[in-house]
Amino acid sequence: MSMFQALNKRYQLISLFILAILLVVVLPLLLDIFRLNLIGKYLSYAFVAVGLVMVWGYGGVLSLGQGVFFGLGGYAMAMFLKLEASDPITTKIQSTPGIPDFMDWNQITALPLMWHPFKSFSFSLFAVVAVPTLLAWIVSFAMFKRRVGGVYFAIITQAVALILTVLIIGQQGYTGGVNGMTDLKTLLGWDTRTNGAKYILYYVCVALLIGSILLCRWIQTSKAGTLLLAMRDKEDRVRFSGYDVADFRIFTFCLAAALSGIGGALFTLQVGFMSPSFVGIVPSVEMVIFAAVGGRMSLIGAVYGTLIVNAGKSFFSESFPDLWLFLMAGLFIGVTMAFPMGLAGLWESFVVTRWEKYRSKAKGSQSDKAALAGGLQ
Amino acid sequence: MSEPKNPKDLKEKSAINSADELFVSSFDLHANNRRRFLQGMSALSILAMPGLSFSADKLPTDKVNTTKLAVTDTEVIVGQLHSSTGTMAISETGSIQAEQLAIDQINAMGGILGRKIKVIKEDGASDWPTFAEKAKKLLINDHCAAVFGCWTSASRKAVLPVFEKENGLLYYPTFYEGLEQSKNVFYTGQEATQQIIYSLDWAKKEKKAKTFFLIGSDYIWPRTSMKIARKHVENFQKGTIVGEEYYPLGSTNFGSLMNKIKLQKPDCIYAAVVGGSNVAFYKALKAAGITGAKQLLVTLAVTEDEMTGVGGDNFAGFYSSMKYFQSLTNDNNKKFVAAFKAKYGKNSVIGDVTQAGYLGPWLWKAACEKANSFDVDKVVAASPGIELKMAPEGYVKLDENHHLWSKSRIAMGMPDGTFKIVSESPSLIKPDPFPKGYQ
Amino acid sequence: MNFSELLNIGLMQGFAGLSLFAVLLLMGLGLAIIFGQMGVINMAHGEFMTIGAYTIYLSSHLTELYAPGLKQIYFPFAVVLAFFFAFLLGWLVEWVLIRHLYKRALDTLLATWGISLAMQQCFRTFIGPKEVSPNLPDWLLDAWAPVPGLDIPRNGLFVLALTLFVTGAVLLALSKSRWGLRVRATVSNRMMANAIGIDTSKTDRLTFAIGCGIAGMAGAAFTTIGSTGPTSGQLYIVDSFLVVTFGGAASLLGTVVSAFGIAQTQSLAEFFLHGSMAKVLTLSLIVVILMMRPQGLFASKVRR
Amino acid sequence: MSNTDFSLAIEDLTVSFDGFKAIDQVNLYIDRNELRVIIGPNGAGKTTLLDLICGKTRAAAGSIKFKNIELTKMAEFKRVRLGIGRKFQTPSIYENLTVFQNLEVSFPKGRSVLGALAFVCDEEVQQRVHTVASDVLLGDRLQLQAGLLSHGQKQWLEIGMLLMQEPELLLLDEPIAGMSAKERDQTAELLKRICNNRSVIVIEHDMDFVKRIASKVTVMHQGKILAEGPMSKIQSDPRVIEVYLGH
């Protein structure tokens, strides 16, 4: 075991290092700021994908509503930025200056109560994590404590996504409706739209993403990680070993929600707006495919999956818009049918296994291979 | 287009330039015919607009482009940003086609300032963030001199900060809620007051309507429109609003609404239901026995495009308020319709937004030529006051507030899915995106 | 406004609720059958409905072109055709994809989602992006007015009748037919059913296809209410999901009760409140109830 | 009634599935350090009884008291923490983990989320894993992936995982199913060894095996207790004979 873990640890570290080099050095050198900003946007989705690896790959619970948490995090950040962008001088043309423009259009004459805390930056940062986590806790507590899981849980999360979308669109005076919150300019007086700001935000995003991966990796290697895997396969056994299975699921789901919320906030900062089109069913399912393409068991694979699918989307929608949906459909079907472990699975079964075979042959030892077989689950 | 080689070419060229404004509707004639035709007319050389460039040679690129736009000696690049996929593809297809038609026609006439227009098409995929991403690409990567695009307010709101930040130029074709005016956007559709006040006055004057029932899809445009409508009815017409209802986008369940209408018995149903809901709404009216023969209904959201889905049967006898209908009988429109059908098939229909989309490239061309430059600042400065006599809807004029002066029209839906125009404002209506007394 | 008018409106409102109930039930039925039998959620459910709707549109179009005289009677045949097309496609999809994924229920969600995307793009490419509506026979338009002032929508009557028929047929088939017997056997104990000679994979395929066929019929019926476009399915599936989730998915009875509850809540709320608020209210109620009873209204109670 | 003397006291326990009474008014008392065998034909309700004790199934009526604590409303994991261990009919182990990990995960420390995050596999844990592993005859297989064990070894491993928790009441559902004759012998020894300081309830069909291990046997039939007593008495009970041979 120690051998397997040591090997796996080293292998994981190397891949993380390569990813970090790619994101920190290679991409900024290769790409202009526009494309780099796009990568930054994709990386904010990668938070969701990483969360999905934890909750779906490790926890065995598929959520088709991660967009909800991404959106909530994004909205929490957007509310702060929107308030900052709506100072009385810029909005003097409105009937009520000093409130966000969409409120004015909806005949709201005073800042609603729930908006007041978002004047504070620290509260907003707190809300970015806390609001998605709280909702995730409520949903997962109700579901997991009553043993609702599997397909049924997945469609419940969809229902939540749907309901939240309708609420956001319906309460446009408070949320900006279908338009979302646009025209976000500055963060504490710092113009987030300049190239310099975009570089800084990109690096903040990369740093947080790598931090999140490390955090998740640490959880995976702890006993909690082992338990997650165990309860995915033999739920009853874990329960009858004295563990509250629901607690672990709730924890993982909340973790994924918190990560998604951070991703949403970084999205808002980098793109400059937030809209309900991230909350609905379609984006939520798309985010699952990011993780599925990368490999549902691989944190690093999830990042690559996100980058590749989104880059593909940008490329195809620019060059062959008609083909894009077919390709996307093919991805969904192909990944589930042929490569359930995604890119990471392919990589491990082809490249790593061969390399190991070569190495173990050189060493004349067979133990590594057995260890690797264990490492694939 | 290559550089003119001899004086004769130059002369021809200037003739084309000068004649543009007068005879733009001759676009789809065979090139030779057109040339001959224009040569004949060049003697008249009447300028439609003051300040139109008349130089015999075309200006060097570093003069017309001082801000690193994608302009070469032969080419100017513009962007087109609509949804060709997703839920909005249905609506935006018409605008894409009309803008392309206008650009083809302009190119056939020699382009703008001697440069052919090259289009980079981007798909917003009915997704606002994608719109923002593509807008950035068009401005930052491709340095487009102008962008024609967007349809929904949401997509425009998403790209607006990008255009303002990068100092781009957007021509936006849809009738919309107003309450916006940006240096970087020209609005070629009607803003809310142009569409609403005229139709309410018409309903009151011609149909003696005193009580109104307002119905809309639940988002910013219907809500703002109905806000203006309510103020106008209550404060100016001294009428009554007996109901105001909003349904979620895409809702198809209007059974209860029909009963509410029957309970209130309004003189006029005033509707701004859009998209898929539109069809369900009119089918529900028909199924509830509320038909054009018994009930006055005026809508802000049914053009020829929607009619294919709604079905003539369901809309027959109801009224639509727009600035343009395909059945307009002026010469400009006849030529426009003929050219459009020649290019996109004889079954294609042209709605209000399609026509407004068609105006975009022409307005931009006129402004560039007036400014003698592609620079955004100069084009914007030159734009107010620009007139288009060739517009299919008839003469229009660009106001200082970047909206168009245009006429409003009311038309009745016919069982075959066409519109019969029943009323037209006597003169152009001034655009008023921030109406006083309606806030 | 006198008493008889109020009575009429009351009656019509009652019917509005009933017809919404019929719509929701018809939407959810196919999904519920498949989920109940196989534990698979068919994310392409909406697109199968769209197939049915397009079948009606094409039939209407062809009738108009080649046999204008049949305009009044083509509709019922087209509905059957819609069932048939969706059934065939469902059969195919099960055979190509779903049967490989029974061990991985969650993956069926993704695979069927992929199918839905592909189908949407097919509609867009081969039929066109614009929304279409068929030319309906006269007996489906207008209102039926037994007394003046009481207008009962004919399309609502039709959908209601079709829903009752389909639901009745499904319930009857489940309780009486061989297929029903096999389905019930498979649901209660798949291994045992297999062991006693029931071809469970064939039963699955038939069930999946029947579920899809019913979806096709539902889509066909909805052409009388709304229009059809490439993405109409996305609109349908949302309501279908809610009905099935709320009902508990374990029993068809749950689906029926949930459709009834949602329809009545929404329809009444729409009448007494506002359209958008009604939706929000209905959805919030569903959420609250689901939080308290996450397994839905009717959960099965067996030794697990 | 106070049951302080019993390890487990079940009174008037009833549960029904869709009207069918799987357990009907059952009373059962298990002493401390007792090894009780439950036998009965298929569908008699034996497994359901264990399910009810460990919480997998909820009782409709009646009471289950363990160490005089009422269990019927208690969550499963809490019952485990009280000291009840359950082995399932088909061996339920983590096939992807090694034998060591299987046992390690079952160690009763770090059972909360935070505890599991902070859990360290220290000397104490390793010591215990090694002890238990040799108890269940898997001392030399610690690094093997559990899925590669033989069926009998998997049964042992699962028992071992229960032993890690040092339960006071062990519920074993057919512990020798699929074992070779030699393994059965070893298992019988194992059972005798482990019931030294705890109560054990075993469900078993194999009468020879039952004879070898049981001091007291309970016979169930159609959700009810048919007979109870020493093996020799049970074997000659006419009702039992009828149940087993009559139909």
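By written order: A, B, C and D. Residues from 1 in each chain.
The definition used in the following text is that a residue touches a chain if its C-beta (ideal position, glycine included) is under 8 Å from a C-beta of that chain, and two chains touch if they have at least 3 such contacts.
Everything numeric in this text was worked out from a predicted model, so none of it was measured.
When every chain is represented by the mean of its C-alpha atoms, the one lying closest to the mean of all protein C-alpha atoms is A. Of all chains, the one whose mean C-alpha position sits at the greatest distance from that of chain B is D.
Pairs A-B and B-C differ in how many C-beta pairs touch across them, and the larger number is found at B-C.
Separation between the centroids of chain B and chain C, computed from CA atoms only, is 39 Å. Centres computed as Cα averages put chain B at a distance of 77 Å from chain D.
Averaged C-alpha coordinates put the centre of chain A at 43 Å from the centre of chain D. Under the contact definition stated at the top, the residues of chain B that touch 2 or more other chains are 84-85, 218, 248. Residue positions 124, 234, 276, 279 of chain C are each in touch with at least two other chains. For chain A, the set of residues that touch two or more other chains comprises 166, 170, 322, 325.
Across the complex, chain A is touched by residues 54, 56, 75-77, 80-81, 85-86, 88, 92-98, 100-101, 104-106, 108, 110-113, 116-119, 121, 143, 145, 158, 161, 165 of chain D.
Contacts from chain C toward chain A in the complex involve residues 35, 39-41, 43, 97, 100-101, 104-111, 113-118, 120-121, 124-125, 234, 238, 241-242, 244-245, 249, 276-277, 279-280, 283-284, 286-287, 290-292, 294-296. The touching residues of chain A, when paired with chain C in their complex, are 56, 62, 64, 138-139, 142-143, 146, 148, 150-152, 154-156, 158-160, 162-163, 166-167, 170-171, 281-282, 285, 288-289, 292, 322, 325-326, 328-333, 335-337, 340.
Listing the residues of chain B that touch chain A in their complex gives 84-85, 122-123, 125, 127-130, 132-133, 136-137, 140-141, 152-154, 157-158, 160-162, 165, 177, 179, 218-220, 223-224, 227, 248-249, 434, 439. Partner chain B is touched in their complex by these residues of chain C: 1, 9, 12-13, 15-17, 19-20, 23, 124, 129-133, 135, 141-143, 145, 151, 153-156, 222, 224-227, 229-232, 234-235, 266-268, 270-271, 274-276, 278-279.
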